[in-house]
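Across the two complexes that follow, chain A remains constant while its partner is chain B and subsequently chain C.
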Partner chain A sequence: MNGPETAVLPAGIAWGILGAFSVLWVFLGWYLGRRARTVDDYMLAGRNVGLALATATAMATWVTTNTTMAAPQFALQLGIWGMVGYALGSVGLILFAPLAGRIRRLMPGGFTSGDFIRLRYGNTAWRVFLVISLIYGLGWLISLGMAGGVLIEALAGIDYRVGMSVILFICVLYTLLGGLRAVIGTDFVQTILILVGLVILAWLVIAQVGFGEIHVTVSEQRPELLNLLFPAAIMFLFNNLLFGVGEIFHSNVWWSRAFAFGRGVGKRAYLMAGLLWMPIPIVAGFIALATPALGINVPGADMVGPLVAGELLGLAGAIIVFIVVFSALASSVDSVLAATSDLVTRDIYKGHLRRQAGEREVYLAAKTIVVVLGTVTWALCMLRLGTLGAVLQFLGAFVASTIMPIVAGLYWRRTNPWGVIAAMVLGTVIGLYSYFAIGFYVAALVSAAISMALVLVTTWLWPRDFQWASLREEPLRG
Partner chain B sequence: MTLSVSAFTWLVSIATVVTTLSPLLLIGLFIRDLRRGTLW
Partner chain C sequence: MARRALLLLWCLSLLAAPAAMAAPDLRASPERATDGVYRLSWEADGAARFELQESDGAHFNPARTLYTGADTASVITGKPDGEYFYRVRVLGESGPGPWSEPLQVTVQHHSLARALQFFVVGALVFAVLLAVIIRGAREDRDTP
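Now for the complex of A and B:
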């Protein structure tokens, strides 16, 4: 369905843009990472990232192709609450701000979210958490890789598999060269490109179509999209809020940044990134709501954003969207790739397979794992499973079960570790059941509720004591 | 219960203005950190 008949960008121009930006990202990756010699340098960018780069990397990572493509998709499925619900994904960033400060204080030598769970709750909880976290990391990578392939096919008619392969290859290459320093440095440039491109499109939609016409056409053709009492959409709003909180609270993408940001930077950076991110899905969703007014026939829900821009602005729109989504894609793929490979390196390789591994071995293992993870993601993206939204919401059941264990672990000394294990396992299982039995929009909601109840009840009935100082232990040193 | 055209306009306008100002703020912060030597 997504063949050259929908293409609005000549393949030659698309390849030119891909080539130019690929050279830029790879050069930046090499340049910024050229002095990295230690695991701290490679995995955590030297642990002293400043406010500007910290804020931009948090924003860029959270502005994914899922934001620029799935937000329009949700706007057309669930209307105004779809846009607002997606925007509430920023609550996770805002709420993580105080946690980032506390994480840095409690674990000045920490590397991963897995380190925290292991030291706080013990090995069994650590392994359950790793399963959830790795499924999520891989799922997110797959949804991003798929988004890249879908975009290139929709815009330029380049085969899905070819476009997806090129994008993953470039991201793996510069992440491999520069580690987290390369990821954060390129994120800054990518954030600026994303924001400028999105703003140009939004102002052009406002100027060429206008609020009144969009509102009238949507009211006539799709009145449910402007209905403030659209039940499924309201469920989606709360579900997406909890999904976002769960994603950020548990994921090593955000924990590794909490460890990497300079002292006192994390709290301000996450707060600012959340506030600046919030309006982005509303702007992206608004552009999608212009489709009825423009009379665009959308052949696939994933392609709403690119088609609107192409239809409205022709070649210039297609080029802008291409650059925006390529930047959004790269900024997220590199982050998830780096953070997930850190988790595999520290918690699987060093934590389970090679406990005696020294600094040099871990450093080389980290680079190898980036390549292996990129290859596994590529192989799974070739299968092209489901739509972006479906892949994302499926993961909600997993991540929402970790919200209460993380928060309670950071702030509540008496949290029961076995209650935490039960919370993560049963929250995920019942959340997944709800996903299939009721709908995608309740998976995270049910998972978070079950998990919270179990942590509260078990800790109330069987409280355990914990010494915060034990989190300062140097994790898994060789 | 339908969202009115004025509420729709306000919502999207505020979101667009904030998104417009974001890159300027980030570039300003970058220049400040660069001058102070606190980028990394």
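Now for the complex of A and C:
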């Protein structure tokens, strides 16, 4: 078997936890979403989400496979800089704070990030952006589904395909029932569970393993992990920062929240969520460095977090990790499902296929698309393509190419639309080339740099005027 | 008829006799690592436990046992530049089987100069991004 030798969590307990929390999420999804009748209600939670819920949903959505499963993987692979690099993922949330305020002001009736690109840069740029955004949405969903399966296999020895299928089914079900209102409500509960669980876990780790022993064994057996001049890790630092920025700036997950949060809430919510999120990958990543001290064999790099926690902390630790990671996964799967479904519904179904569709039809289409996306994700997760980290970082080449087009589109009146199209296409292509030619740790960085250079040069040489009032158009409203 | 029966018995006895343990098939991905990370995996029909060893030379003298157990893969990380050799064998009920052929993995990290070039490019992109956002947010705040 490629899985771990011994599972710490008895399968019966794992199924019990899974069952209990699934019932809780589905009930909350039904309860919170029972009054959603309109498209605004279902997709944007009535556009009046307050600060506490807004901060919780931003944070819970960003605490995902990145932090709970892939952060330990990168600590194991890239050492100290791997953990720090992941913590820099919060920069994206912090920098999105001022953007969220501006988005709300420029587009009070907007629905998706696709709306902005279409109105700001035209149809060609919109289509390029949709391709990037959909690949990213699907890739993120796949990595999340995979994380669910890997987690259950690592802790309880339950077959990857079974665990992954159950988790995806539950998330599709409650997202379907309540829309964004349910997603945000469950995110609040999940944030509290994640924070409490991580605090307990950190306390247990510090109490049971000494820093000295970890340092000695890592220096002897895996010295590069402590080397501050570790070349791949140095490349990874800004790569991961820009990957996080690209994910947040372009993704409809964050734009839909900017539209859903009440007036003046988005800016403070994203800033607070970013600052609260920053220490989480350090805590989650640190435990991977205990691997040599504990003599644990790691069959797959993405299994290291749950394996160490289970080995180190026994049944109690395994239960805490299971609840924390399941909450983190659920809070992200539902958010990405809802936001990607919005994008497909508004920008592809309504925007390209059924322009005359009324509000009721769009509402039903949104629900159908949640199911279709869930099914496609499930099918691709069954193939288990690469490790979590590899799947995630592959997407960096796509999303980082959208950073400068989004920022320049929001703040500059003279950004050249054709320069933006070239930036997204060439940034992605050259970023992908770097992924294969050099390594995953440079894909987003190269993509962002190429894209930025093209936007700067074309806007400087061939500026195009734009009227901000055009962003207030709502031609695709259902 | 009796000869056929004897032949059949002989064939059956061959099937029932304990087969000699074969050496596992050991692989590394990648075999040349630029970040000190690679995954070793192995397989052998019907084997329940394995022993994995690492050494600096193909003669495994000295050798270090990295793992003993039922897993069929191991991720190695944090290795400095160098040549590393691995071998694996089945631990059967009747004793250990033969070692696999030694597998060589080469670790050669990217040069520090190359890494710093990417670092500088990343820092520059981030600085420009920060400047655009700060300036834009300031103008946004000042606009009624």
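The working rule: the second predicted complex is superposed on the first by the 471 of 478 C-alpha atoms of A that agree within 3 Å, B and C clash if a C-alpha of one lies under 4 Å from a C-alpha of the other, contacts with A are read in each partner's own complex, and residues count from 1 in each chain.
Just so it is clear, contacts are C-beta pairs under 8 Å (C-beta built on N, C-alpha and C of every residue); 3 or more make two chains touch, one makes a residue touch a chain.
In this text the structure is predicted, and so the values were computed from the model without any measurement.
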* Of the two partners chain B and chain C, indicate the one touching more residues belonging to chain A. => C
* First (chain B), second (chain C), both or neither: which does A:L229 touch? -> both
* To do: Determine, under the contact definition given at the top, whether A:H215 touches first (chain B), second (chain C), both, or neither.
  => first
* Quick one: classify A:L78 as touching chain B (first), chain C (second), both or neither. => second
* To do: Give one of first, second, both or neither to describe whether A:V172 is in contact with chain B, with chain C, with both, or with none.
  => neither
* Report for A:I320: first if it touches chain B alone, second if chain C alone, otherwise both or neither. => neither
* A:I192 contacts which: chain B (first), chain C (second), both, neither? -> first
* To do: Could you pull out which residues of chain A sit against chain B in one structure and against chain C in the other?
  => 223, 229
* Of chain B, residues touching chain A in the complex -> 1-3, 5, 8-9, 11-16, 18-20, 22-23, 25-27, 29-30, 32-33, 38-40
* Asked: For the complex, which residues does chain A have touching chain C?
  -> 1-5, 76-79, 95, 98-99, 101-102, 105, 218, 221-225, 229-232, 234-235, 237-239, 241-242, 245, 297-301, 304, 403-404, 407-408, 410-412, 438-439, 441-442, 445, 448-449, 452, 456
* Can you check the complex and tell me which residues of chain C touch chain A? => 34-37, 39, 41, 66-67, 69-75, 77-80, 109-112, 114-116, 118-119, 121-126, 128-130, 132-133, 135-137, 139-140
* Report the residues of chain A in contact with chain B in the complex, numbered from low to high. => 45-46, 48-53, 55-56, 59, 80, 84, 87, 181, 188, 191-192, 195-196, 198-199, 202-203, 206, 211-212, 214-216, 219, 223, 226-229, 262, 276, 278-280, 282-283, 286
